[in-house]
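Pasting the structures here.
Same chain, two partners: subunit A is paired with subunit B first, then with subunit C.
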Partner chain A sequence: MSELMDKICLCIERGKVDKKAPYPPDMMNQDGADEYAREAIKAGESPDNILAACNTAMERIGDKFSRNEVFVPELLMAARAMNGVMEHLKPFFQAGNIKTKGTFVLGTVAGDLHDIGKNLVSMVVEGNGWKVVDLGVDVKTDKFLKAIEEHPGCAVGLSALLTTTMANMAATVKRIKELHADTVVIVGGAPLSHKAAKEMGADGYAANPQETVRILNSLVG
Partner chain B sequence: MGKLLDILAKKQVLVSDGAWGTFLYQRGLEAGDCPELWNDTHRSDVLAIARSYVEAGADLILTNSFGGSPIKLSHYGLADRAEELNRKAAEISREAAGSDCLVAGSIGPTGEMLMMGNVSEQQVFDGFLLQAQALKAGGADALVVETMSAIDEAALAVKAALSTGLDVACTFTFDRTVDNNFKTMMGVSVESMVEAMASAGAHIIGSNCGNGFDQMIEIVTRIRATGTRLPVLIHANAGLPDIRDGQTIFPESPESMAGKVDALLAAGADIIGGCCGTTPEHIRLIAQAVRQRA
Partner chain C sequence: MNPLLSEHLLTEGGVILDLPSNVVSLDAVALTRALGYRDASPPAGMSELISSTAEEIFNLCEFRAGYRLFELEALEADGIRIGGQYFRTGPIISRQLEGAEQAAVMVCTIGAAPEARSAQMIKEKEPVLGFIADTAASVLAEQAAETVHQHLALKLAAEGLGVTNRFSPGYCGWDVQEQHKLFRLLPEAFCCVRLQGSAFMQPRKSISAIIGIGKGLQRADYACAACADAQCTYRKKKPTS
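Now for the complex of A and B:
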């Protein structure tokens, strides 16, 4: 990895968005992910390499999160820094110069308005090179089904924070599997467990964003 | 010192109530409905839930106002009814509680992270203040700031709650980490929670939700290990839920939870009750266990 790529990687991992960002305090007034990404593109660095730097950074912070070495704030800031880099890559995605690994349709289930966990998963998965279709919160089964039809071959992620909305999640998983047996469904959220995921008929349970990435990448192995 | 602290000062152990949300869904609250709106539209259902806990032997019941901050209510377009819905929540619990039972107004998180900058500290504080004052106006004896994960938001809620002059409890939700510690999703340890909430002025501290009484026994032990002498409130889930035949099932039976009351009190808890998945039967057996001990 070139020096510039190393810097992008470090800024994302540390959650340094841009020069004016006050976080993290020890990187105050230094260039951030935004500045380095701009510089890299100007210097003719290939978008694939920049995306690879994003992947590496998000994998590192995602692994730290899985090991409880960092928590939601750190992951959120890293994802924010990564989003800034992705903005620079957007034109290349749109022109088809970078290929995504596949499409991941994601939403918080019906009755549940919580989006912090779902947004983290969305950002981490996108940073790993997937196209993410975020359906938002309180997503009814029909909306998931429509998105699956619109994005053939996609994988689906369902999030729930409330113990009271887990039953809605189970109903949505069941319906998806009835109509699209081959569609891979991953579930996650505070009240979930491997056991509950299995009972629902989901293909996978992700305890954290990085596990979602691992499951998704195993599909395209 | 308010009524709640008064009783606790006499070294009494108090029994609190169980789940509200789980119960509301059983009574027909639909996914996507605003639970706090029921204080207006389904008053008798909310009153029945409150009564069932008083009848089960709770010394203290909460209110149907967990998501009653204007920021949270704005998701349902109900922010401008925050005062009314919180006041009614307290009025309902007050009516159920009668004179022998205390009412603690529930204040949950806004769902916004201050560090993201989507809402300002002032906005969050003002919302909690409105909620706290309305709960007091409706007859709450104390306020319980609960399910917190971030120090900054919890401190604002405690500050707002204290300004009413009522007794204030604040509880955080912890998960077990891979190295067998407990942290909130924002990375707050039990020890930093104790320090921060004591300096914010909370009268009572503790933990709610999470994974059953076993985990709570460890959390209370850690709270006491800091040397704090503040009373400790525990509202535990009936374990981690599972799905069977499309229904949410909680693994911990009333008997199983009641069987752990001794250990929880020995660890240093002062007020115990339930969170998600607990029922009046859980509270009845917990109250029995507490009274047999005393």
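Now for the complex of A and C:
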């Protein structure tokens, strides 16, 4: 990895968004992921390499998270820095020079208005190189089905807060699987568990955004 | 322990409490734990973000709280009857209500502004601040509930009565669907909290609970060992008073 790529990687891992960001204090007034990404593109670095550096950074912070060395705020800070780099890469994605890992359709299920968990998952998944189609809250089954048809090959994520809305989640998963058996469905949210996910026929349960990324990345090898 | 709060009797039943923001304080330790730092401290720089965001959220809170007292009409192995409604609370809760002669149904909220601010932060691509804001709002909602609980304990102690722990639908084996029955016992939009069809309260940062009242009752350790919900956040949490 070139020196610039190392710097991008470190800034993301440490959650150093840009020069003006006060966090982390030991990197105060230093360039951040935003400035280094701009510099890398200007220097003609390939977008693929930049993306690879981002992935390495997110993997590192993800590993630390799994080992309880960092917690959700640091994970989100890294995702925030990564999203800044992604902004610079947007034109390359749009031109087809680099590709996202796939599309992840995400929504909070019918009857449920809790969106914070889903929104955090959305940011971290996007930061890890996936295109996220966020359907919002109180999403009825038909809306999920329509999105699956519009984004062939997508994976689907469903979020719920209460056991009452978990019942609506189960109905949505069932219908998705009846019509699109090959579509990978991941569920998450406070009342969920591996057992509940299995019982409703979902392919996976993610306890947090990092776990969602791990499952999604395993789909693309 | 907070002083007694002022009470306002509603003609349609129930009591609204004056809950000025100076009686609810943000528990910084609870917030750090809720953010995930259980045995660790937040890294340098994060603590500052946490305290400034929490302060902003605190200033946005519109605390509202109230309760309504009912005679305990029946106490059975798997539930209780109050206000003509049978609540299937499950044995963990009904056992802890033994000895109660009355029950208070309480509701509290911090209003909708904190959750709107947190959503705005996330929209503005500031997920860390949004997460801290949301968590601070949750901790403040819990503390508002605790303030109401302490008020009741103090008020009833003067009458020679004690209170149990507070029990919320959705915990300790009590089906969250029973929120519908609970809200039927309260005036419409009590404390400006409304219940959606899916048993979801709005504003989101709201809490409902029942508290047993009777001679010789006191708050105790939650009966976590008897509960099958291994995921529950409040597992083994000790009562605060």
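Heads up, the rule we're going with is that the second predicted complex is superposed on the first by the 219 of 221 C-alpha atoms of A that agree within 3 Å, B and C clash if a C-alpha of one lies under 4 Å from a C-alpha of the other, contacts with A are read in each partner's own complex, and residues count from 1 in each chain.
One rule holds for everything that comes next: contacts are C-beta pairs under 8 Å (C-beta built on N, C-alpha and C of every residue); 3 or more make two chains touch, one makes a residue touch a chain.
None of the values given here were measured: they were computed from a predicted structure.
When the shared chain is aligned, subunit B and subunit C each come close enough to touch A:Thr165. Look at A:Ala196: by the touch rule set out above, it reaches subunit B but stays clear of subunit C. When the two complexes are overlaid on their common chain A, residue A:Lys174 makes contact with subunit B while staying clear of subunit C.
Of the two partner chains placed by superposition, A:Cys11 touches none, neither subunit B nor subunit C. Of the two partner chains placed by superposition, subunit B and subunit C are both touched by A:Leu113. Touch criterion not met for A:Val85: it reaches neither subunit B nor subunit C. Shared-chain residue A:Pro22: touches subunit C; no touch with subunit B. Of the two partner chains, neither subunit B nor subunit C is touched by A:Cys54. In the superposed model, A:Met123 makes contact with subunit C only, not with subunit B. Shared interface residues of subunit A (contacting subunit B in one complex, subunit C in the other): 68, 70-74, 76-77, 111-114, 116, 162-165, 168, 191, 193. Across the complex, subunit A is touched by residues 35-37, 40, 42-46, 48-50, 118-119, 122, 125-128, 130-132, 134, 170, 175-177, 196-200, 202, 204, 231 of subunit C.
Within the complex, the subunit A residues that touch subunit B are 66-68, 70-74, 76-77, 110-114, 116, 138, 162-168, 170-171, 174, 191, 193, 195-196, 199-200.
Considering their complex, residues 15, 22-26, 68, 70-74, 76-77, 79-80, 83, 111-116, 119-120, 123, 161-165, 168, 190-191, 193 of subunit A touch subunit C.
Interface residues of subunit B facing subunit A in the complex, by the touch rule stated above, are 21-22, 25, 30-33, 75, 111, 113, 115-116, 149, 177-179, 181, 183-187, 237, 240-244, 246-248, 250, 276-277.
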